[in-house]
């Protein structure tokens, strides 16, 4: 299997202005700090970022918003990062709020080659605006469409050099889902092991999905 | 007993042994402290696990749905966010307890946004109230300015329509049955007139209207 | 956490004529042998069974079909069990053939509270007959609807007494998916351990989904 | 070299280093034996893993998509069937190789059913041909009765429409480009007239029509 390990300095070349970037994490837990830092330092701007939330002003994906690198946020929650709300009000950053279950399912949909799905979540609310309502067996559902990205930034606890990943506790969250939904998948892991050190049943994201891997802080 | 504690204690007694329960941030989180003896519930954290427990040692990879460090019970199980919301939307959560900004008489809930003021996002709330078998709203009856939060019609953006099963405030407990809002219980020391006065919604009064029950040990504990 | 462990003799009470039963397994690998035997011995008939295939005449779910307990089969493949094909031709058993990816996704959909999903699979084939075609971004998709069952029969490698399950190698297949899509979930595991012996990150199906657990052959 | 071996050897050379590949049952499975030196591919098994390998010791829990005992390579990863088909439909499989009953000139494939005769079911084939980045059909050019399996229009129930990327038979290799079927290569010792005679489909002939290349080591090995 190919060795996917690279230096942090190799990562910058994947980022361009105007890209759509997905990131794992829930209020920063499970967001890859080194990859986010590399994206920050790349100076790429006009980004669309997709993830559960924008964390805090100085943790997780937060700094990217604060820095003004982000044109649009697609998230379920922006309340903990004041800069996101402020930039939204000032018209500097567009924010699309999506219910968390719908958000992660739209990402899964994009990664799984599905054209959309029907969810009861959001029926009769502002979330339904502009969406097709389809009735199945007398219950109304919204037709929600897939989300994909150019690059996904994934945080793992352990990775083998081929890119098989394993997550730990609640830092798993969106990570295994975004790993299917982007053209380029970059992963960061606190611990890098030899191929074979992760048993096949212990792998949570198969190596075939990972394009590049860096060693992060343990 | 503070109003919030009363609400949390009453909600705790709505939960059944063996239930899978999702507790929202704030007041709902307090419910876990007041479970009756012998009631074993499993707490779901929508960021990806079943079995929230008391924190023993802080672990950077283990936070609850409020982003706060937490612990897990023995027998806990972790999963990804897609699985977590499959559980939530798929009816595998027996009850969720959420705070509310407004509840109206047909069971609509508004709890995620005040236009022009507070736009944090709905997080997992919209999925939780649509998917949980029982939706309990735990909130104070009136806003700080004294206006009722229990309305004929919600004026704030909705979280979901016809979703509330039970509303517990410091004054009363209402159930929503077949589209009707029914007053089932009064808080200790509260009379019907007070509830009527502080409630804008039209509601029915149960034939067997009761006073909320707390067992004596509980009251004693609360008094301390 | 509740102890879900029961005797095989307690299992029969869950089965009734006319029920819909989902089962894990791929050509018998990962189908719970003891639970299938219990279903067979319960004598329940007119069953609808949902699973990837009908295995072989004498393995996996096969014997149930051969015995005539099954009124309808929903599967992606019936070729390895001659009795299924024979009974279909004789008009004794109805067979609904569903592409494997669509089948498992319909089950996931049923377990996840979704009303349906759009798949490109089957467009322009007999699978599309009677189904709504929805065009998204110029591509055609079939609207496929959820599947649920009364009882799911799950096969695990290891279970704790609360019902947390872990699968092994290719016997995982449909098992974790059906565990969300039935009113009653019965699991069989070759190895039963104390609660706490499975680390939270090693659990593949959480105990909360499992109603009853039996010790199977190791 | 038997017709089947020739097909398998030619298909093997279509695969690129680093590809994730799904090989169907029968002839396609043979492809794994003929990978060129230095081409490292990962084999997907749609029943739930990446990294099929040679069998070392039989394990009751480890079978391939044909239900046969198999092995895994170092670095293999297991998953459930929903994930497996997310990989397949989601474009994460670079190439799939399947057998065919009929292929027609617009790239339709029929390979799962002969009404009134063989109704085994489509298994994962319909998802594989819709989702894989490249769909290679590996089949003999004519049926046992000598009739062409490469048709103007398929008469058997379809697996999918416009799905075939490359068709490899013991006579020729065709590519399907923008709805057109193009003859790109002839098998060694086969002339265009023979292909035309045994093909019902209308096809274009590539300007740079070539003879299939096999390296000398390969031909030597095959001759033994």
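So that you can tell them apart, the chains are marked A, B, C and D in the order they are listed, and the count of residues begins at 1 in each.
Here is the rule we use: a residue touches a chain if its C-beta (ideal position, glycine included) is under 8 Å from a C-beta of that chain, and two chains touch if they have at least 3 such contacts.
Please read all numbers here as calculations on a predicted model, not as lab measurements.
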item	value
Minimal step count in the chain contact network, subunit B to subunit D	2
Geometric centre distance via CA averages, subunit C-subunit B, whole Å	35
Centroid spacing, where centroids are CA-atom means, of subunit A and subunit C in whole angstrom	32
Centroid distance [mean C-alpha coordinates] between subunit B and subunit A, Å	30
Interface hub residues of subunit A, defined as touching at least two other chains	105, 108, 112-114, 119-120, 167-169, 172, 200-201
Two or more partner chains touched - positions in subunit B	49, 72, 78-79, 85, 88-89, 130-131
Interchain contacts (touch definition) - all pairs	A-B, A-C, A-D, B-C, C-D
Subunit C - residues contacting subunit A, complex	105, 109, 112-120, 134, 136, 139, 141, 143, 145, 166-169, 172, 200-202
Residues of subunit C that touch subunit D when the two form their complex	26-30, 52-53, 75-80, 85, 88, 95, 97, 99-102, 104-105, 107-108, 119-127, 157, 167-177
Subunit C contact footprint on subunit B (complex, rising order)	18, 20, 40, 42, 44, 49-51, 72-79, 85-92, 130-131
For the subunit B and subunit A complex, residues of the former touching the latter	45-49, 59-65, 67, 72, 78-82, 84-85, 88-89, 108, 118-127, 130-131, 157-161
Residues on subunit C engaged by subunit B in the complex (per definition of touch)	1-2, 108, 110-114, 160, 162, 164, 180, 195-196, 200-201, 203, 205-209
